[in-house]
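There are two complexes below, and they share chain A, which is joined by chain B in the first and by chain C in the second.
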Partner chain A sequence: MISELCTANYAGGYTFAICGNANRKARGCGTGIYPITPQTEIVETVVQLFDKGKIEKGRIFHVESEHSAMGACIGISVEGARSFTATSSNGALYMAENIVSASLFRLPIVMQIVNRTLGPEWNIWSEQGDSLMFRDWGWIQIYCENNQELVDHIIMAFYISENHKVLLPSMVCVDAFILSHTMMPVMLPTQEEADEYLPLLDLPHRLKHEKPFTIGGLALPRVTASHRYDMEKEIYNVFDVYKEAQDRFEELFGRRPEDPAIGHYHEDAEIILISSSTVSSTVRNVVDSLRKKGIKVGMVKIKMFRPFPTEQLIKLVGNAEKIAVLDRNFALGAPNKIGGIFVQEVFNSLWFAGSRNLVQSYIVGIGGMDVTPNVIEDIVDDISKRKRPESSIWKGL
Partner chain B sequence: MNIENESEILRSKNTNCAGCGMSIALNFIGDALGNKVKMAIPACCAIVTPHSFPYSSYKVPVVASTFAASSVVAAGMKAVQQMNNEKGHVIAFAGDGGTFDIGMATISAAAERNEDIIYVCYDNEVYGNTGAQRSSATPVGAITSTTPHGKKEGKKDIMGIMIQHNIPYAATLSIGYPDDFIRKVKTAGKIQGFRFLHILSPCIPNWKIEPSYTVKIARLAVNTGVFPLYEVFNHKEYHITHKPAKIQPLQEYLKMQKRFSKIDDSMAAMLQGMIKENWEHLLKMEEMFPPAELTAKYN
Partner chain C sequence: MIKFRIHGRGGQGGVTLAKILGFMYWIEGKWVQAFGDYSAERTGAPILAFTLVDDVEITNRSKIYYPDHLIILDPTLISDNILSGLQPGGYLIIDSPYPPEHFNRFPGYRVATINAKKTALKYKLGTKTTPITNTTIAGAMAKVFGKDFSIVEKTIKAINFPEQNISAARDAFSEVKIGDIVPGKLKVIDVVMPSEPIPPLITGNIGTEPLLNTGDWKSEEPFYSEDHIPPCNFNCPAGNNIRGFIEEMTKGNYDGALEILRETTPLPGSTARVCPHPCEDFCNRKDIDEKINIHALERLAADKGKVKPLKPRIERKEKVAIIGSGPAGLSAAYQLRRFGYRPTIYESQPEPGGMMRTGIPAYRLPDDVLNAEIQYIIDSGVEIKCNAPIDSKSSFERLLSEYDAVIIAVGLSFGSDLKLKGATTDNVIQGVDFLWKVNFGEKVSPGLHVIVIGGGNTAIDASRTALRLGAPEVTIVYRRSREEMPAIREEIEAALKEGVKLRFLYSPVHVLHREGKSILQVQKMKLGEPGEDGRRKPIPVPDEYDEIEYTTLILATGQYADLSFLAKDIAIENGFIKTDAFGITSHDKVFAVGDVVSNDGTVTHAVGFGRRVADAVHHYISGAPLPDYAQDKSKITTAQQMNLYYFAPSKRNEIPEAPVEKRTKNFEEVNLGIDTIEEALRCLSCGVCNACATDGISKCVLFCPERTIHKITSTKLEINYEGCKGCLICMEVCPRNAIDKRTIKKEAMAQ
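And then the complex of A and B:
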C-alpha cells in the first residue's frame, strides 16, 4: 500500500481504476461516467488515470445521463468485464431503472455513492436518502466512516460482488463533502496488490455466441418468483464471503477491515448509540469523553446496511438498557412516526431476538446539517432521562 | 436470400402475430449478417417474441435492456468484445417508441460518440406492444388508442435527426424490397461506427390490416412516397435506392388500413403535403450531395 493524502473522491476514482485494471488478464473493465456534484472528481480521476495508461484494457463511456452510465456498465458487465461507476443524489434517482436492472441481472457492478440530499430544493450536502432508496433491490450497501474505509471497501466490494456465491452489485457510500472533498491520509493499493487480492472476474452467465440465451426478457410468475427467491437466499451469503474478504485482506495487507457492525465501549454500556457513516466518528469522540466522566455509554457503528448484520448487532447491543439510533435519513409516514430508516431495522432485529431494550429514534444531520458533539451529548442526555420511547426526535434543528 | 431455411436470428414458432413486419425484418437481418450477432432489445414486441424464460426464439444472445438504454447497453457489449478481439456485430433492436421517443437522448449520445453498433429501428408507427398508443412516429390522421380521432401532428423526421449526427451510415429499409433491404444490412455490416437502419414495419393489429397484406403495404409505402428508400453515407452522400417511376396516389395506401378510417381531408392534405415535401427535399439533397465513392463501394 502507498500512503497518500487525498479526498474520498480521488481515493475512490484511484481504487476503481486500479481494481478495474486488475482484470486486464481476463476480459478487461469499463465504466459509463456522468458528472454530478459532489461525485464528479471520482469519474474525473478515473479518466485521468486512464489517460496516463493506468487502465490497460478498458473503455470509458462519456455518456449523456446517469441512466446511460449504468446502462453502459450493464453492457460491459454482461460481457464479463469488470465494471464500476459513481453517482450521487438525483443522479441515482435518474439511474434508478438501471440500478435495479443491474442487481436483477446479477451483475457484480461496484458503484460509489456520495450521499447527498435529494432535491428539490437543491441541496448538495450530506444525507443518506439517495442510496437508501435502493435498499430493497439486491445491492450490497456499505456506509463508510472515512476515506480509508472507502478504499478498503471498494477493493472488498469487487471481491464480494464477483464471488459466485453472491453475484450482486455493491454500493460503497460516503458522506458528501465531509468525506468526498476532505483530504485524509490514506493507504492506497498498488496495482500489484490489487492484482494479488482480486481474482479475475469469471461471470458464469456472460453472453457467449456458442451458448445463446435471452437475459431479462419475458418471464412467467413462477420463473420470476424463483429468481427473486434465489436472490433473497443468496444475498445472505455476503456475510461468509465478507469474512473471506477480510481474511484475505489481512493476510495480504497486514490489517483487518472492521466487521459489518462494530462496537466501541459497548460491553458494559447502559446506553448505546447506533450510528453510521461519518456521524460515527463524532459519536466515538463523545463516547470517549463521556466515559472519562464515568457515564456508561457505548456505541455500535453499522457499516453494512444490506444485507443487514442483525446477528452482530444483537451481540454488540447485548443487555444495554437504552439504545439511541441516529439516522441521517428518514422515511415519511412511517409507523409510530418513527421515520429513521436504520432504526426500523434495529427494531426488527431486536424484536425478533426477543430483546426489549428501550429504543429511541433520533433524526440528525438532515440536508447536511452538522452533527456536532453538542447534538450527540444532547441525545445522550435525552435518552438517559427517558422512561419510554416516543416518535422520532429531530435533533440539531 | 434464404427463403427455404430458418433464419439465422429468429427461430420459427415464435409468438409474433401472423404477418408481423418485424419478424420479416429479423429474418432478413439474419440472412444478411449470419448468426455472429448479439442484440440488446428494449421494451417492445421484439422482446416478447422469444416467449418466456428459459425459452427463447432467438438463436443469438439477447439482453433485454431497459426501455431507453438499448443503444448504450449494446455499446458496452461491443466495447468488451473489441477489447477482447472478438468478432461479431452488436445490434440494438428497438421499436419506434424506444427510438423516436424514450430512447432519443441515449441514441443521440451513442451516435455522437460514434459507437460501433448497428442500431435498428423497426418502426410500426405506434406503441404496439402496449396496444396502440400514439408515438412521435405515428403519422398524421392515424387512429390510436390515445388519438381516437386521428393524430393531429405529423411524424418526427428520425432520419433527418440521425443523419445530422454525421454518422457513417443511415438508411431506410423496406421489407417489401428484400434485395435492397439485405444489401443495406450487409453494407451496414461492413462499415464501422454508428449505423442507423430505419425499417417501416407494418403492424397487423394496430394498423388494422390483413396479415397477408404486410408486404403489399410495405411496398405501397415506398411507391406512394410515404417511406422513400435511400441511404446516406457520412452525412455527405445521399443515394435514393428506389425511385418509383411514378409516385402512386396515397388513397389506396390509406384505404387498406383501418387506422386511417377517420382521416379527414385536411389531415390527408397535411400527410400528402409532408410526403411531397420530404420527397422533394430528398431529391434536392441527392442532387447537392450525390452518390460518390462510398455509394459505389457498397453498391
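And then the complex of A and C:
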C-alpha cells in the first residue's frame, strides 16, 4: 500500500480504477458516470486515470443521467465485466429504478454513495437519507468513518459482492464534505496488491452470445417469490464472506479491517452510544475524554447496515444499562415518533434477544448540521439522567 | 493539535490552501486533516477552510470553532467577528500590502502580512480580478512558523503545481512581515452559534436563499440603461418620445400619454393622421410578426387624452414674431410659449394652419381636429393674427423693428409651373391652388377626365379630391416608377383602391387641342442611374409617345416660396433660406424654419424643426445653451440585441377605413382610428426597462441566481448591489436589451 494525502473522493475514484483494472485478465471493467455534487470528483478521478492508461481493459460511458449511469453499469456487469459508479442524494433518487434492478439482477456492482441531504429544499450537506432509501432491496451497505475505511471497503466490496455465495451489489457510503472533500492520510492499494487480493470476476449468469438466454423477463408470482426468498437467504452469507475478505486483507496487507459492528470501551460501559459513519469518530473522541473523567461510557459503531449485524450488536451492547442511538437520518411517521432508522434496527435486535436496556433515540446532523463533541456530551448528559425512553430527541435546533 | 482557519472567498483557492498546508505538515510526518466549510458554491461567497495538524490520528470530524491561527485571504472580510474563537497569541496572517502595525486593532494577537495578490500576479497566478494566492501564502506561512523553505518546495512539487508557484512562495517566504503581539487588552470574541428561529417552510419564505454580500467581489455589474434608444424614438422627425407615450397607453393613461407627446409636439392629433410614420418602418416588432401601429396609438392618445393648456413657470417679456401658421410656425410658437414667451403669428390666410389647412384635404385631416389643436396653442398663450400677410419689404422691416426676434415659417405655397407648350389657363391648375380652393369652399368642377402630374403627396391629395368632386376618371402621370414616388405609401394604396389610375414612366411633353378636346401628349421614360437624392433618374425613350385626354390638368410637380419681402442680408440658396439645423440665418435677429428652409415636406419634420428654432430663439434672447439633439446611432436597440423569443406573436391592430363606395362621395375622414390599448401592449419597449410589465414576470428577477433584483413599481426594478455578484445573467436574459454592464473600479484595499 502507498501512503497518500487525499480526499475520500479521490481515494474512491482511485480505488475503483485500480480494482476495475484488476479484472483486465478476465472481461475488464466499465462504468457509466454522471456528476453530482459532492460526488463529481470520484468520477472525474476515474476518467483521469482512464486517460492516463491506468485502466487497460475497460470503457467509460459518459451518460446523460444517473438512471442511465446505473443502466450502463447493469449492461457492463451482466456482460461479466467489473462495474462500479458513484452518485449522491437526488442523483440516487433519479437512479432508483436501476438501483433496484441491479440487485434484483444479482449483479455485483459497487457504488460509492456520498451521503447528501435529499432536496428540496436544496441542500448539499451530509445526511444518510439517500442511501437508506435503498435499504430494502438487497444492496450491501457500508458506512465509512474515514477515508481509509472507504478504500478498504471498496476493495472488500468487490470481493464480497462478486462471491458466488452472495452476488449482490454494494453501496460504500461516506459523508458529504466531511469525508468527500476532506484530505487526510490514506493507504492506497497498488495495482499489484489489488490484482492479488481480488479474484477475476466470474459472473455465473453472464450473457453469452453463443448460448443466448433472457434475464429479467416476465415471471409468474411463485417464480418471483422464490427468487426473492433466495436473495433473503443469501444476503446473510455476506457475514461469512466478509470474514473471508477480512482474513485475506490482513494476510496480504498486514491490517485487519474492523468488523461490521465494533465496540470501544463497551465491555464495562453503563452508557453505550451507537452511531455510524463520521459521527462515530467524534463519538470515540468524546468517549475517550469522558473515560478520563471516570464516566463509564462506551460506544458501538455500526459499519454495516445491510445485512444488519444483529448478533455482533447484541454481544457488544451486553448489559449496558442505557443505550443512546445517534441517527443522521430520519423516517417520518414512525411508531412512537422514534424515526431514527438505525435505532429501529437496534430496537428490533434487542427486543428479539430479550434484552431490556433503556434505548433513547437522538437525531443529529440533519441537513448537514455539524455534530460537534458538545452535541455528543449533551447526549451523554441527557441519557445519564434519564429514567425512561421517549420519542426521538432532535439535537442542535 | 494546531488548528488553522482560513477566511477567503469562493474562487480564491482557500480550500486548496488548507490542503497545501496539510501537505506541508504531512511531509514532516504529522497527521493532518484539511477540509473546506462548503457553503453555497459561488464565486465571491465568503468561505472557510480548516487545516488540523497533530502527532496522532485526528478523529474529531466536526468543524473548528476554536482555531489557533487565522489566515485571511481577503482583507474585506475582516471584522471583529473574524476573531471568533481565536486562541490568545494566535497569528492573523493577512494578505495585505500594509505592514503588521497597520492592524493594531487586534490586541493580544500577532499579525503577519504579505502582499500575496501582488506576488501571485507577478508570477501570473490567477487573473487580475481573481489572483490565486494559496501557494504564495503557503510560502509566507512556512516563514511565520519557522519552517525550512524546502518543505514548501517539496509540497508544491508533490501536488504537481506549476513551477512559478515555487517562485511566488519563495518571494513570500522572504517578504512576509511578522509583527509582535499587538499591545493592549486582549479582545476575545466568543463563538456564537446561530439561534435565530427558522420560519416554517409552508408559511415562511420557501426556498429563499441567503443574501450573500458578494457585491464587493465583482469586477463588472449590470445596470438599467438610460441611454438605449428605441428605434422609433430615433427615427421620429418630431423627436417624440414614442416609447414613453406608449408606456402610458399600456396603463390606459391617455392623459399621461398625451402629456408626453405634448412635450415635443403641439399637433399629435394631426401628425397621427398625416405623418408617413417612419418610426414604424424601423419597429423591431416586425422581426416577430408585424410592426406596432404607432400612428394609431398616437391618434388614440390625442383624441382621448386631455391636457390643460400650458402655464409656463415664468413669463418672458421679449417679443417674438412668427410669419406663417403652418406646422413649423405653430410648433415654434408652442415651444416658445413653453419657455415663457408670448409669440405672435402673422398668417396671410383667413384661417391658421398653413398647408395643413390649405393643402391637406379634410378626409385626411378633418377641420375639427386641426381647429382643436390650434385652439390648444392659442389657449396656451400664443396669438395668431389671420389675414395679416407679411409680403413686402416694408412689412417685414416693421416686424424687425417691433420684435426682438422674427421667425420665418412661410413654407412653400406656390406651385412650380411646368410651362407646358399649348397649355391654356382655363383647364390647367396648380395642385396647391386646386386644394386651396376646395378647402376654402370654392366651387370647383374638374370635369370628366382629370390628369394629375406628379408623384408626391400633393398629387395624391389632388387626385383623391378630384374623385370626391365627381370626376369619374382620374389619372396620375408620373415620370418614374411607383418605387420612386415620394408620396406616403398608404396614401398611394388608398388612391388606387378608390379608383385613381397611375401611369408610370411617362413625362408630359405638350398639350394638343383637337376637336374641342384637350389632349396631353406624354413620352415614355425609362430609369437610369440614381441621382443626387438617391432616386433613379428618368430618361426619355425616343419616339415612344402616348396621348391622354383631359378636362382638367393638375400640376403637382413641386412648390416654391416667394421670398421677395426679405431683407437683403438674409442668405438664400436655390430659393430656400439658408440656416443651420436650429434655423439660425445670416441675420442675427431672423430665424427660419420648415419647408422654406429644408423642403422636408411633412408636418412632422416641420414640428421637429419648430422645436429647434424655438431653442435657437431662446438661446439668442436669454443666452441659454442650445440643447444637444445629436443621438448616438450605436445606442439604437436592434432586434439582434433583443431576446425576441420571449414575445408571443400577435396581430397588428389596423385602423379601419370607411368603405370606398361611401367615402369617395364626400370629404368625411377615411381612417377611422382604433379604440383599444391592445396595440400598446404589443410594444416591445426596445432598450427601455418596463419590468416586463407587458409580457409576464421580469426575466432578470426570475433568472438572478442571487435574487438581488426587486420591483419597486409596476414598471421599475432595482438591483441590490451588495448581493449582486456581477454574473450578468440578467443582461443576457433581458428580452429588450434594457440592461448594460459597467466596470467597477476597485477601491484601495479595505483595511
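In the analysis below, the second predicted complex is superposed on the first by the 397 of 397 C-alpha atoms of A that agree within 3 Å, B and C clash if a C-alpha of one lies under 4 Å from a C-alpha of the other, contacts with A are read in each partner's own complex, and residues count from 1 in each chain.
Keep this in mind: a residue touches a chain if its C-beta (ideal position, glycine included) is under 8 Å from a C-beta of that chain, and two chains touch if they have at least 3 such contacts.
All values derive from a computational prediction rather than experimental measurement.
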Room on chain A for both chain B and chain C (clash or fit): fit
Where the C-alpha centre of chain A sits as vertex, the angle toward chain B and chain C in the overlay (nearest 10 degrees): 60
First (chain B), second (chain C), both or neither touched by A:Ser281: second
A:Asp370 touches, of chain B and chain C: first, second, both or neither? second
Partner chain in contact with A:Lys208 - chain B first, chain C second, else both or neither: first
Partner chain in contact with A:Lys57 - chain B first, chain C second, else both or neither: first
Which superposed partner A:Gly71 touches (first chain B, second chain C, both, neither): first
Contact breadth on chain A, by residue count: chain C or chain B: B
Lowest C-alpha to C-alpha distance for chain C against chain B (Å): 20
In the complex, chain B residues that touch chain A: 35-36, 38, 40-41, 47-48, 50-54, 56, 58-69, 72-84, 88, 105-106, 108-109, 113
List of chain A residues in touch with chain B within their complex: 27-28, 30, 32, 57-59, 61-65, 67-68, 71-81, 83, 97-98, 101, 207-209, 211-220, 223
Contact set on chain A toward chain C in their complex: 5, 37-38, 120-122, 124-125, 175, 177-178, 181-185, 278-279, 281-282, 284-285, 370-373
Complex contacts: residues of chain C adjacent to chain A: 15, 18-19, 22-23, 26, 31-36, 38, 41, 58-63, 65, 201, 206-207
